[in-house]
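In the two complexes that follow, subunit A is the common piece, with subunit B as its partner first and subunit C second.
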Partner chain A sequence: MTGTPLSESWINRLNIVQLVLAGFLIMVPTAWMVLSSFKPSFEVTAYPPTLVFSPTLENYVQLMRTTPFFSYAVNSLIVTLGSAGLGLLFGIPAAFAVSWTRISWPAILTLAARMAPGTLFLLPWYVMFRQVGMIGSYTALILSHAVITLPIVIWVLLPSFDNIPRSIFEAAQVDGCSITRILWKIALPLVGSGVAVAAILSFVFSWNYFLFALVLSNGDSKTLIAAAFNFVGEGSTQWGALMAAATLIALPPLILASIVQRWLVAGLTLGAVKG
Partner chain B sequence: MAAISIRNVVKRYGNLTVVPDLSLEIADHEFVVFVGPSGCGKSTLLRIIAGLEPITSGDLFIGDKRVNGVPAAQRDIAMVFQDYALYPHMRVYDNMAFALELRGMSRPEIDARVRQAAALLHIEAYLDRKPKELSGGQRQRVAMGRAIVRNPKVFLFDEPLSNLDAKLRAQVRAEIKSLSQQLKTTMVFVTHDQIEAMTMADKIVVLQGGIVQQYDTPEAVYERPANQFVAGFIGSPTMNFFPVELRGEVATFLNGATAPLDAALRARLKSAAGSGVVGVRPEHFEVVPSGASGIAVQIKLVEPLGSDTLIHFEIAATPAIARVDPSLKPKVGERVFLLPKADKIHLFDAATGRILP
Partner chain C sequence: MAYAANAVTPDRQRAELVALSAPAVAFTLAMIAFPVVYTVWLGFHAFSSTGTQSFVGLGNYSKLVADNEFWHGLWVTLALYVLSLVLQLLLGTWLALLLFHAKRLPGVVRSLFISPFMMPPVVAGLMWLVILDPSIGAANYILQRMGLPPSDWLASPIWVIPTVAMIDTWQWAPYVALIILGGLQSLPPSVYEAAQIDGASAFKTFRRITLPLLLPTIVTATILRSVDLLRFFDIIYITTQGGPGNASNTLNIYGFRVGFEFFNIGYASALMLTLTAIVFGVVLAFNRLRGAVAW
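After this line comes the complex of A and B, so read on.
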């Protein structure tokens, strides 16, 4: 026989169709956003949409002129790095402890917290943070975003830790290691790509999280994504500036993901195949 | 250097009892091999000594110290694991130096010890490599090197040869044996391979169901097995067993066939209320000329091993194997007369399996 069997070639074709469809669904709104950000304001909402236009930076200029964009970006960066750092700080030992003890309920609890709607936390937090005078502080935002990052870190790292043969930890015990030292000296270096994935996903999810920042921040601590909401007004939404803001907001996660793409794939498939 | 004393140790996992009540004394400098089939509790016992499994009840002493609650890290033992368990992110050198660094040893001393152990195991050339760049045999040596540099009180080996091919296994087996003679440290070695047990041990512990079946020298375990389980487990091919009853002056097999008995065995059977299980090792059958008092058997299968030849046959419908001289050139279907060596016949209690005097 020569060539691949018919069924296999059909499966390959279907795969390609699926990928094209998925790519189309993801890329069209993104392309729309990026193109609109470079359109003159009257063309942004034109119908039918124009594909040929003379690009302009007018939306970006307006964005920078009318909003303290960079201070919002700094706010976003502080909150995102803070919450991702907090997630890693507590998530790494927590994932290791769950893997080590095989007691999984704490991990399931964090997952449940992640799956619960944000509004569930928001009201009690708002009351609590207001009582201690922390509304509008970075601390309140970082702590609230840790609810997003902590489960990500735990659940990305858990299979990575589980994948390390137990005998390696036992060898370290026999060699004289305490459990803490096993985590830092043996386990952590072996889950490097997992940590990278957890860090990136934490960064992206925290960066993009809208609800907590909207309610718990104030004018000084507003994050980019909450600030972008300012452009949506009743009947007078500035679509061009909004698209420019959205494009700039989407850039850091995209750049991060493309830099560490190879790690990301390796890390996401960790634990998927035994051995 | 230390003796190990296991006193009435019980190990349970929930309702499952793995070690019911086990006591064992391992002398200083002794090379002891735990051997038994899968699930006999040998690895559990080793892990208990290592401190990787807690004891349900009983006491464990290493040297003079009771170590029940002492974590593995503080027991001053070294262990070689079945999968070697090398640290994948560290070079061979760092794998070996790691435990010494943890003990706060000086750099020059660590270096001296690592290089000395590497020389002993012929792995100097690999010190800068990562474990993934080594072959199975080389990894095995590094795992041993990691244990040796520690100069521990006790060495523990958990089936360290089972991942090696047959040739390498024989080579490493000899190396471990010679190492044990050089290092003069108490060593406990776990294996399911009775050849490893026989060739390496000063003393063998045969385990079954978490119970010590016999604890003795390899010679004694082979020559004088304590029970039918030990007799069947040690020796390859395995010992042949024939349940018999004494009827008159002849042995009667299960299917009613009879065989003549020599006076000594007849007396032994008589004192065992007339029944028992006769055990004969394949190497303890002699081929005798027809007409002598041998048992006539028909050869069903011939396995030439070079140094000797195994013949398969049946006695009273019980399959059996004899090891014979290859110069006899036995053939399938041929009839031969076999006679068990009278002083090598074992007799076991049919109910309990215990050896009968």
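After this line comes the complex of A and C, so read on.
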């Protein structure tokens, strides 16, 4: 900061070189996965690895032919949308009530789910769901994934609700508005971007979650993430098809996350950091 | 008063607030609080292969203390935790400073930084599995071209922990960077101006001003990463499942396998409660530290 303009421009240049290098390191593994998915299958496992090849959709065709990829995708969508919807449905009014009353224990209790290892819940759930014959059901999967989405919704929306000036609510109350009406008609429209971030983060983390579906799903209700794990083991692994599957599975969260990239990190830290 | 007839009574208001939070509270009690209490109960019982259960008191916990696999798992968990955390904090701070001094942060760059940690960990595991394959992987090809001996990476009992730490660092160092960038952007510019007037060098400014002011943010990032790293599961389960041998058998992986591969639900419950206590202990400790470094 004290240098002459010349040394400062040098530092800037050095900065950019380092940034480009870091960006390169971040990008290369993903790019390699996508490239591999378009390689002819014999070239995926070629050594030395090839960079130049004639791209083909062969791996994608093989993936669709040999696995019920589409029905796994439907399972993932049902579980993800169901749990994100449930999280929003329960989380929005709860976050509003917590923000209104400043009674925070319900919100803190949901944080336990963010901190404890998933297996801690999975053990009793497994025993409970087995007793009522719900292993493999969408209901069990949606309920378990809602444990991921509910804290996200509450903790993303809490600061947004807190930021609304109380005088707006008081004015509405004087006009005889009930709290429920204030939430839906006044507060919710004001925190639109917060709801979008909460919805997208819920979708992404529910879609990405692995552990619960590993135990609570069966052949018919398996999510893409749990199915991808099985692709590795089945006989001689088809690396090309596997990379095609990995690419397709990563696509929805990456696209959604890039929509809200500006607010995403603040949302992810559950209100601990303002991005 | 004309308004009084319209105004909502406190009783009605309270009823409404209860109704608003009731679904979330009921859900939390049913899916989080009750299951945890149930796990405590399970931890006091032993389950035979035929499904019968018997009360064993603290038997599962005395078994745990005598279980070499538990102590090994604890060591693996802590080694992976410390290694990953240090790597992610160092690289994250470095990246954050680069981004901060770049002044402008185009959406493309932010999206690029977000992409690793928005990706499913399972996909990250699969992707690195191919890159690090000992016989066909690109990583060994690069080593070979640089004149270095090839590595077995995930298949090596010695290198598996550093390799998993590297994969997790690739995924989460950008996240730490964006958190710390947020902290840098919220620092008051006036202190820098003062330092500049005093003629402090760039390094001294960083060490004496930026770093201390940034500490609360760094501790926050530490807490957020600690929670995930101490219960490390996805990437290991997809790539090594705790192997080779038991070289990457973290407590979470070990507990999962005891519970769902050997169906020893009682002992698995004891293991998971112990791990949960460790996670909460670390979070509480860092939370106190955050209080101490706050400004």
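In this section, the second predicted complex is superposed on the first by the 224 of 275 C-alpha atoms of A that agree within 3 Å, B and C clash if a C-alpha of one lies under 4 Å from a C-alpha of the other, contacts with A are read in each partner's own complex, and residues count from 1 in each chain.
By our rule, contacts are C-beta pairs under 8 Å (C-beta built on N, C-alpha and C of every residue); 3 or more make two chains touch, one makes a residue touch a chain.
Just so it is clear, the structure is predicted and the values come from calculations on it, not from any experiment.
Q: When the two structures are overlaid on chain A, which partner does A:Val127 contact: first (subunit B), second (subunit C), both, or neither?
A: A:Val127: touches subunit C, not subunit B.
Q: Taking the superposition as given, does A:Ile154 touch the first partner, subunit B, the second, subunit C, both, or neither?
A: Once the two structures are laid over each other on A, A:Ile154 reaches subunit C alone.
Q: What is the contact status of A:Asp175 with respect to subunit B (first) and subunit C (second): first, second, both, or neither?
A: A:Asp175: touches subunit B and subunit C.
Q: One more residue to check, A:Leu183. First (subunit B), second (subunit C), both or neither?
A: Second partner only.
Q: I'd like to know which partner A:Pro165 touches here: subunit B for first, subunit C for second, both or neither.
A: The answer is first: A:Pro165 touches subunit B but not subunit C.
Q: When both complexes are superposed, which of subunit B and subunit C contacts more residues belonging to subunit A?
A: When the residues of subunit A touched by each partner are counted, C comes out ahead.
Q: Which positions of subunit A sit in both the subunit B and the subunit C interface?
A: 173-178.
Q: Given the complex with subunit C, which residues does subunit A contribute to the contact?
A: Its residues touching subunit C are 1-3, 12, 15-16, 18-19, 22-23, 25-27, 29-30, 32-33, 36, 44-49, 86, 89-91, 93-94, 96-98, 100-101, 106, 109-110, 112-128, 143-144, 146-147, 150, 154, 173-180, 183, 204, 207-208, 210-211, 214-215, 225, 228-229, 232, 239, 242-243, 246, 249-250, 253-254, 257-258, 261-262, 264-266, 268-269, 272-275.
Q: Taking the complex as given, what residues does subunit C use to touch subunit A?
A: Residues of subunit C touching subunit A: 3, 6-8, 12-13, 16-21, 23-25, 27-28, 31-36, 38-39, 42, 95, 98-99, 101-102, 107, 109-116, 118-124, 126-131, 135-138, 141, 170, 174-175, 178-179, 182-183, 186, 192, 195-196, 199-202, 205, 217, 220, 223-224, 227, 230-231, 233-234, 237-238, 252, 255-256, 259-260, 265, 268-269, 272-273, 275-276, 279-280, 283.
Q: Which subunit B residues qualify as touching subunit A in the complex?
A: It is residues 50-52, 71-75, 77-79, 81-83, 85-89, 98-99, 102-103, 146, 150 of subunit B that touch subunit A.
Q: Touching residues of subunit A toward subunit B in the complex: what are they?
A: Checking each residue of subunit A against subunit B gives 165, 167-168, 170-178, 181, 185-186, 189-190.
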